[in-house]
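When the chains are written out, they are named A, B, C and D in that same order, and each has its own residue count from 1.
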Amino acid sequence: MAKTLNVGLIGYGFMGRTHSNAHRKVTHFFDVPYQPVLKTICGLVEAEAKAFADKWGYESHTTDWRKVVEDPAIDLVEICVPNNVHATIAIAAAKAGKAVICEKPLALNGPQGEEMVAAVEKAGVPNLVSFNYRRVPAVTLIKRLVDEGRLGRIFHYRADFLQDWTISKEVPQGGMGTWRLDVKAAGSGVTGDLLAHCIDTAMWHNGPITSVTAMTETFVKERKHAETGKMEPVGIDDACTFICRFGNGSMGNFESTRYARGHKAKYTLEINGEKASLSWDLHDLHRIQYFDHKDEGIVRGWRNVHVTDGDQPYMKNWWVPGLQIGFAESFVHQLADFLEGMAKGKPVGPTFKDALATQYVCDAVLASGKSGIWENVKQIR
Amino acid sequence: MAKTLNVGLIGYGFMGRTHSNAHRKVTHFFDVPYQPVLKTICGLVEAEAKAFADKWGYESHTTDWRKVVEDPAIDLVEICVPNNVHATIAIAAAKAGKAVICEKPLALNGPQGEEMVAAVEKAGVPNLVSFNYRRVPAVTLIKRLVDEGRLGRIFHYRADFLQDWTISKEVPQGGMGTWRLDVKAAGSGVTGDLLAHCIDTAMWHNGPITSVTAMTETFVKERKHAETGKMEPVGIDDACTFICRFGNGSMGNFESTRYARGHKAKYTLEINGEKASLSWDLHDLHRIQYFDHKDEGIVRGWRNVHVTDGDQPYMKNWWVPGLQIGFAESFVHQLADFLEGMAKGKPVGPTFKDALATQYVCDAVLASGKSGIWENVKQIR
Amino acid sequence: MAKTLNVGLIGYGFMGRTHSNAHRKVTHFFDVPYQPVLKTICGLVEAEAKAFADKWGYESHTTDWRKVVEDPAIDLVEICVPNNVHATIAIAAAKAGKAVICEKPLALNGPQGEEMVAAVEKAGVPNLVSFNYRRVPAVTLIKRLVDEGRLGRIFHYRADFLQDWTISKEVPQGGMGTWRLDVKAAGSGVTGDLLAHCIDTAMWHNGPITSVTAMTETFVKERKHAETGKMEPVGIDDACTFICRFGNGSMGNFESTRYARGHKAKYTLEINGEKASLSWDLHDLHRIQYFDHKDEGIVRGWRNVHVTDGDQPYMKNWWVPGLQIGFAESFVHQLADFLEGMAKGKPVGPTFKDALATQYVCDAVLASGKSGIWENVKQIR
Amino acid sequence: MAKTLNVGLIGYGFMGRTHSNAHRKVTHFFDVPYQPVLKTICGLVEAEAKAFADKWGYESHTTDWRKVVEDPAIDLVEICVPNNVHATIAIAAAKAGKAVICEKPLALNGPQGEEMVAAVEKAGVPNLVSFNYRRVPAVTLIKRLVDEGRLGRIFHYRADFLQDWTISKEVPQGGMGTWRLDVKAAGSGVTGDLLAHCIDTAMWHNGPITSVTAMTETFVKERKHAETGKMEPVGIDDACTFICRFGNGSMGNFESTRYARGHKAKYTLEINGEKASLSWDLHDLHRIQYFDHKDEGIVRGWRNVHVTDGDQPYMKNWWVPGLQIGFAESFVHQLADFLEGMAKGKPVGPTFKDALATQYVCDAVLASGKSGIWENVKQIR
C-alpha cells in the first residue's frame, strides 16, 4: 500500500489547477509509491481559495503561504505563483525540510536561482521545476531517439513559441491572469515565460548552450496596470529571438513572441542530425515527425508518428492506440516520475539545478538583447 | 451543495476505466448538480475487481452484477460489458428504478433494443447510451454549425472508421480484450463497434437515414477462440461499407474496417453543404476543417480550426487556448450533461431511444450485406 | 535524329491545350523517337481555331474534322472533343490508318466503345485513351510499389473525386465549357467524367472490378441549355457513389460529385494492404503517403514522400529534388510513353481496350444507380 | 503580331534549362509583346552546347560568351553561369546595349554589384535578376495581400531555406553541379545561394532590412575539388542564421543550411501582422496559409488556400481550379512580366538595383558572421 504524501499547494490559478489535477489523477493511471493527499490550498483571496478547496477536495485553505510551509503535516510544497515570489517560498520550504515543486521559470534571474539551488541542496530535499513539456510523450520520445544516437551528429536545433494574446493594447499588465506582462511580477516577458520552456527542452535534448546573441522588442510601450489603474511603461520583452551555439557544435535558433497573429500556443521544435531529423508541434502534441535517411530512397519521407501506442513513453498507462491524451497529462507524468524519484531517493529532472542552467541562458539572452553582442552563458559547475 | 449520486459500475475493462475517470474528474471541471460517489465496481474476476476498486476508489467490489442492480443505495448503474449482456442488465436496472448509462451499441439488434427502450420508458428512469464522440468539442461544434444553418442544403455526408488491429491471423476471438471478434459476445463486427459511432453522429448532425445498401466481408475466416482454445469460424464482419440516403435527400457513404493498415482509430467525417463544408478526424480530435463559400475568393480555403478556445463547446471549463484535451474528456462532458439532465428531469441524448434508431440502421446494413439489395431502415415512430 | 510525326488535333478547348502543350514540351525533356510536328488544329469556330493555331504554332487550322482524318500527311489524330463525338472520329481515323489518342472516357457506353476497339484493332493502329493521372509521378510510383508486392494482400481500395463547380443553379448545360452537364454531349455526369479516372487508375493498381452497387443523384433537376436558351431537364448524374468488389477479393468504395463545397478537383485514392498502405491526393499531386508496417513500432507512421527525386518515376527528366512539376506534365509523360511504344510497336496503356474495361464499369455503375441492385461488370475477354 | 526578340543564353546547366523552357512556353500561355527567338546557346563544352541547342532549338551554339555579347543580332542576353562570372558578362552585355537577365545572386559582393548597376543604368538597358520565387503565384498573392494592408502593422517576418544535399563528406567542391560549394565560383555558400532568395522576397514583401546579426558555420572543413582533384579547405558557409530589423520596425529571423536532413528545398516564409498572418512553403508551392483575425471566433483558423483559381495571380493563363502548376512556371511569369516591361519601357523588378539591395544584406550578414556584432545594412540611395 502506497504511503500518503501530504501536499500544500500555493496558488490557485491556471497552474494550481494543472497541479491539482495531476494529484487527483496520478494514482488512477500510474503505480506510484505515494498516495497524494491534498492538505492545503493557499491563495490571495480567501473566498476563492475556499471555492478551490471545495472543488478539488483540499482539506483546508489559507491566504498565508507561511502557514503551508510551516505546517509539519505537509510533505510537499508546490509553488504556482508569480515568478517574483518563487525564491522566497521555495527557500523557506526547503529550510522547513519540504519537498518542493516550483513552477517555471525557476527565478527572476540567475543569482536568485543560485540561492534557491543552494537552499534545496543544503536541505537535501527533493526538488523539481515544472517544465512540463519534457513529459509530453512525443517530446519524451524525441529525447529517447536522440539518446539512442539515431540522429548522429547534430547540426541544427530550432524552436519557436508563438502566441498572439497580447496584440491588443487593451490587455492590462499586472493582476490575476495578466501578471505575466508586469515586469515586477514576471521578471521578463516571453523569455522567462515561453523561451524558458524551449531552452529547457533543447538542453535536455541537445546539451548545454554556450553563447547567444539576441534581439528583444516591446511592441506596446505602455499598458494600464490592473492594480494601480494607471498607464505604466511596459518593462517586459513582448518578443525575443536569439541564435546560439550548443556545446556540441550545433547551431540554435529560437524565437518567441506574443504577437504572432493566428498562433495560440504554437511551440514547435526541430532537430536536424546527420542521419535523421525530428520535429514536434504543441498544437498537435501527440505527434512527431521523423525523417530517417536510412529509409529506401523512393519511399523516404517524413513519418507522421501518432504517439499513442503502448510502447511509446507513458502511453501504456492510458487508453488504446489512436486515442490521444491532452496537455494536462504531462503534469501527471511529471508527478508520477517525481514520486518515483522521491521513493528511490533519486533526483528527477528538471531539478532546481537543471532549471538554473536554463535561467543562465535566459539571463544571457536578455543581456544580449540589451548589449547587442554575443554573450557567453554561465555554466553550472 | 451538490447531492451525492451513488454509482455502480459493471465492467472494469477499457470502458470501465473511461467511465470511472469521468466520475473522478467531472466535479473538478464542471459545476454539476450531483457529486458522484463510486460505490461498487463489478467484474468477472474478483481479484481484478478488487484491484480496480483500490485504484479508482470504489467503496466495494463484486462479481455479481445483480448485487449492483439490487443494491438500494445505488442511484446510477453503468454498463461497460460486452454487447450481449447489455439488455439483461439494463432491463433489470430499469426495473429496479436506477438511472442507466449503457455502453454502445445499445443491443445485439433492434428487437432487443426495443425491449430495453420499453423498460427504461416504463420505469421512467434517466438513460443514455455512451456514444461519446458526440461530445468531443470539435464534433459538438459541428452540430452547432449545422444547426445554425451555415451549410445550407446538405448534399453529402461521409464517414470512415478505420483500424488495423485484427490483420494478424493470430489475434484470437473471445475473451477479455478480444470479445469484439466473437459474434456471440459482440453481435456484429465493425458495424456495431465502429459504424454505430459514425451512424449516431451522422444522424445527430444530419437527420435520419432511410435506406441503405451494404457490402460486408470477413477477411479471416477462422480464429482461435480465447476461451475454448479451438479454431472456430469467425462470425463477425471484419469490414463493412454502405451507401445510404438520408431523409433530407442527402447522400451518405460510410466505411469501416479493422484491416486498414496504418490507421489505429481513424474516424473521420465530412459534410458538404450548399454554402459550407465541415470535416473532422479523430486522430486530431481537437481540430475541425471548415470551408465557407462566403469567404472572399482569393483567400478562400479550408480553415484549420483548433477547437481549444473558451467560446467553443465545453472548452471554457478546461485550460487556455491552444492547449488541447484528450479522448477521455468526451466521457466527462457526457457525464456532466447527463447529470445536468437528471437534475432537470430532461432526457439527454443519445437516449436508449436515440440509440435504437442507430441500431435499426445497423440492422439494415447487416441485412443488406446479406441480401445485396437496398434495405429500408425501420424508423422510430 | 528523331523522325517527325505529324499531328492533327481536334478540339481546342482545355484538353486541346494540354495535348498541344505536351507536344511542345516532350522533346525538351524526354529523348523520344519522334519529333512531333503540329500540323493542323481543328475546331468549331474558325476564328478561334486560327487564334489557337497562331498561339501554339499549328501549321494550319480547319473547322472540319474529316479533313484532319483524311489528310495523308497526318500521322496521329488526337480527339479532344465532347464524348458523343469520340466514336465517329476515332473510327474514321483508325480506318484512315492514323494513330489515335482519344480523350477520356472512351465512349458514351460499352457497345459504342466496342466498335471503337474493333476499329483500332482491325486497323492495327497505335491507340491510347488519355487517362492522364496514371502518369502523375506519384500515381505511377504507387503502381510500382503495388507491383513489387509491398502491400501484400490488398483489402481495400477507395477513391473520391470531389468538385463543387455546379452547385449554382445558374450554371447552364451544353455549350463550350459546360457540355459536361449536357447528357447528350457527355453521356453521363460525374461517372464518365470523374469516376472514369478513378476506375482506370484503380484497375491499373488493383485489377478488375467484378461487381458494383451504386447510388446516383441529380441535385439540380433543370438547367438552362446554353445552345437553346431554354430550361431543360438535367440528364446527367451530379453525384455518384458506388461500392464494389475487385477480382482479387478486395473491397472498393468510390465517390464522385460536383457538389462537395470546398473541393475544386480533389481526387484522392488509398490502398490498404496486409503489409503496407498508400494514398495520394491530386491537390498535392507531388506527394504520396506511405505506411509500412515493417517499420519499427515506436517510429512507425505515414511517410510523407515528396515525389521529386531522380529515382522516382519520370522525375530525372525534370528539375532537382524538392522542385515540383504540375498537372500538365502528366500529359507530357503520356505522350513520351506513347511515342516510345509506337517506335517499338508495343501498345501503351491505357489502350482503347483498357478504356473499354473502364467503360464497362461505368455502365454497370449507371445501371445499378437505376436498378438498385448489384450489377456484374462485363469483362474484356 | 509580336515582334521577335533574339535571345542569347549563356550557361546550359539547371538554370539554362529553366530559362530556355520559359522562352519556349511563354507565348503559349501569355499574350506577350515579343516572340522570343532562341538564337545562341553558349557553354563551356562544345558537344554539350550543341546537344543543348538541338534539344531546345537554339539556332547556334558557341563556347565563347563574348560572341553572344557582341552579336548584333542578339537583343537579350541571359546569364546562367556561376556567380563569379556574372559581373564581367553583364557589364559587357550592357555596354553592347543588350537587355540583360542575370541569375541570382547579382554579384560576389556589393562593390561588384554597384559596378553592374552602374553599367546597366548608364546603358539604359532593361535588366532583371532572376529571383524567380517572387513569381510563384502564392508568393505574388502574399505581396498583393500585404500591399492591400490586410495584415496591418507587421511584427514578424521569418524565412528558412533548408536543404540536405551536402551532408556527405564525399560531395566535392567546384565543377559542374557542385560549383556552389567552391567559394571562388560562388562567393559564398547558403547566404548567396539560398538566403538571397529569402531576402529578396522579404524586402519585396516587407521593405528594407536595416541591421543584422548573424552566425555562420562550415560543418565540413575540407572537400575534394572537382577540378584539381585535391582536398582543399571549404571557404563557403554551409549554414547561416541571422536575425534582423526591418525599416518598418518588424523583427526578422532567417535561416539557411544544406545540413537539414529531410529537407530537399524547403523554403518557407511567414509574416505576422496585427490583423492577419500569412505563410508559404516551397514544397507545396501552390498553397498559402492565411489567418484573418476578423473571422468569427468559433470558426477562425488558418485558411489553407489552394492558389489555382483564375482570380489569383497568373493562374487565369493556365488550367482550371484545383490543377496546379510547377516550379518552372515561375520563370515563365518572370519572362512574361519582363517582356511586358520592355515593351512599355518600364523597369520590372527585381532589377539589378533591387538585387543590389539584397546583395548589401548578404554582405552585412557575412560580415556579422565574422565580426559577431550587429552590422548596419548599406542602403540604396
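Worth a mention:
Operating definition for what follows: a contact is a pair of C-beta atoms (placed from the backbone, for glycine too) under 8 Å apart; a residue touches a chain by one contact, two chains touch by 3 or more.
Everything numeric in this text was worked out from a predicted model, so none of it was measured.
Judged by contacting C-beta pairs, the busier of the interfaces B-D and A-D is A-D. The mean-CA centres of chain A and chain D are about 42 angstrom from one another, to the nearest whole unit. Between chain B and chain D, the centres computed from C-alpha atoms are 55 Å apart. Those residues of chain C in touch with two or more other chains are numbered 263, 302, 306, 309. Contact topology of the protein chains: fully connected, every pair of chains touching.
Across the interface of their complex, chain C is touched by residues 141, 144-145, 290, 292, 295, 297-306, 309, 311-312 of chain A. Those residues of chain B whose C-beta lies close enough to touch chain C in the complex are 151, 155-156, 158, 162, 164, 167, 213-215, 217, 219, 239, 241-245, 251, 253, 255, 257, 259-263, 272-277, 291, 293, 302, 372-374.
By the touch rule above, chain B contacts chain A in their complex via residues 14, 17-18, 20-21, 24-25, 27-28, 55-56, 163, 165, 263-266, 282-285, 306, 308-309, 318-329.
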